[in-house]
Amino acid sequence: MNTVNLAEARAIISAAEAKAAEIGQPMNIAVVDSGGNLVSHVRMDGAWLGSIDISINKAFTSRAFDIQTKDLGDNAQPNQQFYGIHASNHGRIMIFAGGIPLSRDGQVVGAIGVSGGSGEQDQTVAEDGAAAL
Amino acid sequence: MNTVNLAEARAIISAAEAKAAEIGQPMNIAVVDSGGNLVSHVRMDGAWLGSIDISINKAFTSRAFDIQTKDLGDNAQPNQQFYGIHASNHGRIMIFAGGIPLSRDGQVVGAIGVSGGSGEQDQTVAEDGAAAL
Amino acid sequence: MNTVNLAEARAIISAAEAKAAEIGQPMNIAVVDSGGNLVSHVRMDGAWLGSIDISINKAFTSRAFDIQTKDLGDNAQPNQQFYGIHASNHGRIMIFAGGIPLSRDGQVVGAIGVSGGSGEQDQTVAEDGAAAL
Amino acid sequence: MNTVNLAEARAIISAAEAKAAEIGQPMNIAVVDSGGNLVSHVRMDGAWLGSIDISINKAFTSRAFDIQTKDLGDNAQPNQQFYGIHASNHGRIMIFAGGIPLSRDGQVVGAIGVSGGSGEQDQTVAEDGAAAL
């Protein structure tokens, strides 16, 4: 199966952590595989407790729909085509920035989810993580 | 461990109760510790049943993100950066006024959550509770 | 409505706390009203985190069936008449010692739930709490 | 605050992974802090998907009751004092081997949870992890 493995997840998380440290914002960082299942999670010291669940589910959401959570979010606002999608999947759908699909050879092989700062910070850190694959 | 203990939680709740009595609005009042776990809860006679859960989860939310729930709420409206966050953490995220982090020596050591009246009333009562630490 | 009020719940919790202190085992103590809804909860310093939920739900269970949880437990073992009842009510049914109905004038007006030690310790503390009504 | 931090969690997970590799059984390994909240999780390549949740919740359970999950399990069998405890805490209580509290200076500062093999394998791997603190 074409999926990220643990070594790759660690490299992705490590790159994300480096960016979080650089911007001075501790983060929760999670990577899921092509099945949407958690490969690894890290909570940096001092990062928000409420972001454990959010980071894991941003990663899940990005793989679940093969989309960045910020783009899904644009479609999930009131009066948009996917408004209400956050009520599905038993509360696992996150519709704000910080989740990015991981691709290889044109295939989505997993996703990264980051939570712990502003939407912009989460997105920046997730991008650096994703770029490490 | 830097966290509120039961004696402190009781003093906080007592101050909140006094304010609730003063404004004539019975309240549910809850305090969580630095791990987000409930230390104590009180439902004043005549306070809303639905506010039991809300008071506990406002306190959880304030500690989970080290923020007042009314400020989180501002960021959680449609088209704002955290819209949809109320779907995370298994329904425990409250995004309206009444939750306030409790700080000591510059560290968040717990939180108070109040529910039972208008947003303004909840906030006022929570502020008096938080000030008692 | 014939139900415990907050002042009574506090007296019940206070008596339970005194017993817990006497036996040297910190406890979670909860009281629900005649509607099965939480009136007050206290976690003594050092008491188990997992017992927050259990104490509240022992109280709920005792009022839900007007029975001590240890007696319900006897009926809920494999091959007994209520085996499987712990799967009902969304995980709120506790079938081991520590929950006791609170009665006045021959009517159940609420319940106490205690969790934090052995079954025998929980029961002893709950009995002292219930006796304070 | 007296709790495991991320660097310690990683050292614990690393020791557990080494043992899992030695016995040839891929595992899910999780560490929670003193508040019962996840610090880090790792799923080794090929480890069971169903064990993601179990490893995290074994760690939660061990901190929630400051006990090894196998010892809690002994007390949670039919006709034992805590039978039915697995229905509490919204399905987060695991009552079989693989969860161990992490202690420092006589205080529980977190817990490790391991899932992916037999009860004996999970326990062995968790013990090696816990010993690394």
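Letters A, B, C and D mark the chains in the order given here, with residues in each chain numbered from 1 onward.
One rule holds in what follows: contacts are C-beta pairs under 8 Å (C-beta built on N, C-alpha and C of every residue); 3 or more make two chains touch, one makes a residue touch a chain.
Just so you know, these numbers come straight off a predicted model, no measurement behind them.
Enquirer: Considering only chains that satisfy the touch condition with subunit C, which of them also satisfy it with subunit D?
Expert: Shared contacts of subunit C and subunit D: B.
Enquirer: Regarding the subunit A and subunit B pair, does the interface count as same (over half of residue numbers shared) or different (under half shared)?
Expert: different
Enquirer: Could you tell me the distance, in whole angstrom, between the mean C-alpha positions of subunit B and subunit D?
Expert: 31
Enquirer: Rounded to a whole Å, what is the gap between the Cα centroids of subunit A and subunit B?
Expert: 28
Enquirer: Using Cα averages as centroids, what's the distance between subunit B and subunit C in whole Å?
Expert: That gives a centre separation of 25 Å.
Enquirer: If you average the Cα atoms of subunit A and of subunit C to get two centres, how far apart are those centres in Å?
Expert: Averaging C-alpha atoms per chain gives centres 42 Å apart.
Enquirer: Mark out which residues of subunit B touch at least two other chains, giving numbers and ranges.
Expert: 35-37, 90
Enquirer: With chains as vertices joined when they touch, what's the shape: line, ring, star, complete or other?
Expert: The chain contacts form none of line, ring, star or complete graph.
Enquirer: Which two-chain combinations qualify as touching?
Expert: A-B, A-D, B-C, B-D, C-D
Enquirer: In the complex of these two chains, what residues of subunit A are touching subunit D?
Expert: Going by the criterion above, the answer is residues 5-6, 35, 37-45, 49, 52.
Enquirer: Using the touch definition up top, name the residues of subunit B that touch subunit D in the complex.
Expert: On the subunit B side, the touching residues are 1-3, 33-37, 90.
Enquirer: Along subunit B, where are the residues that touch subunit A in the complex?
Expert: 35-36, 60-61, 63-66, 78-79, 81-85, 87-91, 93
Enquirer: Per the contact definition, I'd like the list of subunit A residues that touch subunit B in the complex.
Expert: Touch list, subunit A to subunit B: 48-51, 53-54, 57, 73, 76-78, 86-87, 91, 93-97, 118-120.
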